[in-house]
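Per-chain numbering from 1; labels A, B, C, D, E and F assigned in written order.
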Amino acid sequence: MEELYALELIHKGKRIDGRKFDEFRAIEISTNIISTAEGSAKVKFGETEVIAGVKIGTGKPFPDTPDRGILIVNTEFTPMASPEFEAGPPSENAVELSRIVDRGIRESDAIELDKLCLVEGENVFSTFVDIHIINHHGNLQDAASLASIAALRNARLPKLENDKIVRGEYDKPLPVAFTPINITVSKVGDNFILDPNYDEEKILDSKLSISVRDDDKICALQKQGVNEIKFEDIERMLDTAIEKSKELRKLV
Amino acid sequence: MKEEKLMVDGKRIDGRLPEQLRDIKMKLNVVTRANGSAEVKFGKTTAIASVHGPRALFPRYLQESGTGILRIRYNMAPFSVNDRKSPGPDRRSTEISKVIRLALGPTIFLEDFPKITIDGFAEIIEADGSTRVTAINALSLALAAAGIPMEDLVASCSVGKIDGTLVVDLNGKEDNNSEADMAFAMLPNKGVISLLQMDGALTKKEVLKLLQSAKESCMKIYEMQIKVLKDFYKGE
Amino acid sequence: MEELYALELIHKGKRIDGRKFDEFRAIEISTNIISTAEGSAKVKFGETEVIAGVKIGTGKPFPDTPDRGILIVNTEFTPMASPEFEAGPPSENAVELSRIVDRGIRESDAIELDKLCLVEGENVFSTFVDIHIINHHGNLQDAASLASIAALRNARLPKLENDKIVRGEYDKPLPVAFTPINITVSKVGDNFILDPNYDEEKILDSKLSISVRDDDKICALQKQGVNEIKFEDIERMLDTAIEKSKELRKLV
Amino acid sequence: MKEEKLMVDGKRIDGRLPEQLRDIKMKLNVVTRANGSAEVKFGKTTAIASVHGPRALFPRYLQESGTGILRIRYNMAPFSVNDRKSPGPDRRSTEISKVIRLALGPTIFLEDFPKITIDGFAEIIEADGSTRVTAINALSLALAAAGIPMEDLVASCSVGKIDGTLVVDLNGKEDNNSEADMAFAMLPNKGVISLLQMDGALTKKEVLKLLQSAKESCMKIYEMQIKVLKDFYKGE
Amino acid sequence: MEELYALELIHKGKRIDGRKFDEFRAIEISTNIISTAEGSAKVKFGETEVIAGVKIGTGKPFPDTPDRGILIVNTEFTPMASPEFEAGPPSENAVELSRIVDRGIRESDAIELDKLCLVEGENVFSTFVDIHIINHHGNLQDAASLASIAALRNARLPKLENDKIVRGEYDKPLPVAFTPINITVSKVGDNFILDPNYDEEKILDSKLSISVRDDDKICALQKQGVNEIKFEDIERMLDTAIEKSKELRKLV
Amino acid sequence: MKEEKLMVDGKRIDGRLPEQLRDIKMKLNVVTRANGSAEVKFGKTTAIASVHGPRALFPRYLQESGTGILRIRYNMAPFSVNDRKSPGPDRRSTEISKVIRLALGPTIFLEDFPKITIDGFAEIIEADGSTRVTAINALSLALAAAGIPMEDLVASCSVGKIDGTLVVDLNGKEDNNSEADMAFAMLPNKGVISLLQMDGALTKKEVLKLLQSAKESCMKIYEMQIKVLKDFYKGE
């Protein structure tokens, strides 16, 4: 019943691992860790560990965006990473996590997709961001978002010969214009906390996932958790996310 | 993509003012053998929702001893969009089903129904923007019509920014070409937010402004919901 | 136990809702109800409600019919429409319903598929008829068939520019040569009934689904129900269907 | 598609007369560990069927307290057709499995087997028309060989119209180019119809004529079924 | 408890059906049995019966072998063939069986895939070997391997017109250079046996599936069964397989 | 395909001698909430494995009354290979999961855990040849770290023939262009083989030679496994 203890502590203004309410666990980011990927990053928030790998290929563009590259974000909650994850097609939670990461990147115009067009309507670069959960110890959303943008910033476009990819040779970096940062602000009772660990996640009332761009613009919001949010809490949650995003962006 | 003007002389492409909702229609009990059902239209966007349950949940290992569960399925008819949608769930509908469940969940006294499920289904018959919020309004009515004990109704609408202007209730063209769009739901009496999703690029100020105008629109929608429910119970 | 009462009544020559044995419930047909579809129709038989939407695209023809358009019929028994319908891939009953609708249309040569060829072997119009059950209160087969042919008669071919579809603009009507009508004749004891409602469907011994063309030709037959049919019943069933089909065809 | 002549001088492409069945072969107990099995050939069309059961049905929630259930799977081998068929069920085989189940169901005293299943599987090894009726004949024999209590056997054949002529037992080429084809099954002793499907365009009169000739052919097939079963039990 | 009796007998140096330990059941091979297939074979080992059908089509080559034809082996454990087989996607055992057959053929270079190229990088012959289990009475692996190579040896390349297949007309035999034979050597206690029947299969300690080429080279190995194999057993197992393969190869 | 030289002057493309293993790294307990876990690297090839269990097995009909069961899932991350692998199992991973289960099964006293499952998961993070053997080494450590009662560890490596030379621990390029490759696992103390797969074309003599050199390499790997386990328990 670790989580009940965590709750009791929060009511006393403390956290189970001694952190302040608005403090992340120790963050480690390592990039270029997978030589088979065009870009990669490992992010650790304390014990939580997530790897994002970027694979770049070529393919037909979507019919409604014939002159833009393709971006696809996919997440695997590998059953290795946590006893409650199950093998099989992505769970509802894995799908939601992917889609929040995707929106943060897409809506912020982080990737210059127009520069990824090779032949309009025929051939464009397709960029897959695959998020692999290695160790689930809370706050997967922020870790996955951070790993994804770090892997994209690390990614290089493969060299082409006759519009076909030459594996293992690279041309130039993937064009990345912004570094959107996802900060999930959680509420427990009257308290706002950041980066909850696995036990703390069980006692959250509600959370708001907020993606902030370099210019402090909000690019994606998603209310999560089973309880409602009060109108008067939103501004504070946004302020917290904007402030914290600056800190995390420096690490990428 | 964002070339066509969406605001001309302060009016939107369908002639509305920024804060103006589309023509809204609500109808109750459209599915005979559901416990409750409703059809809601926001302009051309049409959602039909039904609630089956409270009913027993099988297989047994899905049951929860201390509480009932709410299950939601949001689905688009193949012909509801310009390019035929293949049948079956996709990532988008999986996510939307989840956020709708969370938008409605807080109002239902699920703990009164141990081992039981309440199943809500929303079908989008025609999509012209704002489908998920239309579905929430329909499901909220269907739950009420099914006699499910609820703390509050849920009212829902979209807001967004088009051509630099903050607007409510985006239609399909506005949705596709918006600078930002937000899906919103609230419990009108309790005055709290149960759905909040946003895509785009907005300043904090704009977010807060949109929230305010979403709240105001939801209060109007809530009045319509109350009216249709009253008329229905009067009619019985 | 509504169905036992229905059975008792039928044995007395009556029906639960006062209809005659060969009488349909009130039929409502509305067409062009969905602006995103190339053709659409809603059919109500009393409370039973079915929507058919026609979507027309372009694609490669089947290899064995390189000069003909494509027709595909699909049905969703949405879990919304009835407590016994389940989410998931089409059930056996939904597949059978689709295939009977499909055969009625295809075998009667209702759609002039040869007129839907754009470039032989390369590009043809593909016509999807999607049947969506809104309210299941019996006799889905006849309602779905009627909605489908009504939607097809309502459908327009999209305008093409360089063999690509311009959405929202139309060229001319889909070429429809016949109006096949499906009439399911059911047997309860020694009685033949039409258009059973939900409760009556539970007490049927057997049924024969009969598709009749404008020239009274039979285009599709399918025996349904758990019990056998007598040889001597077939002629009467066909006669009933031929006669009734004229009545329903007028409504389309 | 329908250009080639299928009838020349009153004879069919394989030399048969209109009312003539192909060479039919029936063999019992071809699968060691099934409760009953049979191989039936109509010309090149080959179906092998086996019956497993009566056997317990799991998971339990599929069981029916008052009766046993019959499950049928009709399947085509990938190499049984000219263009390789990908493995696994499709819409066609789903429908055929259902109509075969309904064609056989009336003969079996399922109410004698509460909570139990009888599983029948038919594999099409080579397809040259009339596969579903060949499968029914094989399954009927397999059920009998399994000792399942049955009210009657089921005999099955196809009939149709080619080049204006009514014929029985269509082969693949005839099937593909017919003006109409009908799949038919009956309980020979009870004299009732348990499968009736038709595609094409026929007058009422033609339908009734085809039924008559289907009945006559089925009675011939029934004689063969009886013979092979008698020989088998004699041989035991 | 047939298998316990089988075990008892083996310990006494005997087998349940009177065979010697290294003796196969009566083997029957018939080829060209399915006229819709380009090649086919039925193999019986006693009651065990397996059919392999070869279907040849054309298609794009794999990107890493642009100048070679395609070989795909697939197995269906039809629920007809045995009460323990279930309908659905191929089971783990069916997948393993296919892959062992595939490796035996592929690694031995039995099929001259380089002769199956039509237009480099664009169009090649694709060869599907579909294995259909008819009657499962033990030793499916060796029977399936034998049926597959017999069907391939029986196969003819379809005639082409403008790079499209003319069904029913043939050009020349599929080029087959070798006849790999799979022999599974099983161990029960201290005894090595071949071709176990269904009951004997339940009492095996371990087995080694060995594919042997015409020149006695080993082309594929796969340890199976739940128990380990001793190092000192391997040589004897290989010798047995090499010897026995000669005997079976003569039958193809 | 096999044009590039893989052996030059007795050395391999990465500079190794034929009998030389790559740089091997082993790390324990990398997944917090697993019962045991390990990361193993053979050069760039990286496998992370965790063990969940012994734990209850649901649904119940999967349980075996007399014994526990071992379930194994081997999976490659989409980015672990040059051409992105779509997520989800395929035929290759299905077979590998099975042979890994059989390679590990003999060491575990499963009969001590009736109705229980032990679940082992191995993720390949980067693939440069020899992934299944790397996964086995990681799983063996993870099982030990989970405190599962085992008769022996399992040590595993690949061997093969490249450019006519017999070598150990093939990297990706060697694997793709080998004349033969063999995956091998053994119980080092019991001295028996629990995994043996081979593809290629080898004389009997070569097979036996490769087995010998696989055995020797596995004994080295076993020493490393023992060391990392000892260090870990010392560290506790």
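Some observations on this one:
In the analysis below, a residue touches a chain if its C-beta (ideal position, glycine included) is under 8 Å from a C-beta of that chain, and two chains touch if they have at least 3 such contacts.
The structure displayed is predicted, hence computed values, not measured ones.
Chains that count as touching both subunit A and subunit B, per the definition above, are F. Looking at subunit D and subunit E, the chains that touch each of them are F. In summary, the interface at A-B recurs among the listed pairs B-C, D-E or C-D; the equivalent pair, sharing over half of its contacts by residue number, is C-D.
Between the CA-based centres of subunit A and subunit C the separation comes to 48 Å, rounded to the whole angstrom.
Per-chain CA centroids place subunit B at a distance of 51 Å from subunit D. Taking the mean of the C-alpha atoms as each chain's centre, subunit C and subunit F sit 57 Å apart. Multi-chain contact residues of subunit F, defined as those touching 2 or more other chains: 59, 83. For subunit A, residues that reach two or more other chains under the stated contact definition are 90.
The set of touching chain pairs reads A-B, A-F, B-C, B-D, B-F, C-D, D-E, D-F, E-F, using the touch definition from the header. Chain contact summary for the complex, subunit F toward subunit B: residues 58-59.
Of all residues in subunit A, only 34-37, 40, 47, 49, 51, 53-55, 57, 74, 76, 78-83, 87, 89-90, 128, 130, 132, 134-137, 167-168, 198 touch subunit F in the complex they form. Contacts from subunit F toward subunit D in the complex involve residues 59, 61. Subunit F meets subunit A in the complex at residues 30-34, 37, 44, 48-50, 52, 55, 73, 75, 77-84, 87-89, 119, 121-123, 125-128. Of all residues in subunit D, those touching subunit C in their complex are 1, 83, 91-92, 94-95, 97-99, 102, 105-106, 180, 182, 186-187, 190-204, 207-208, 211, 215.
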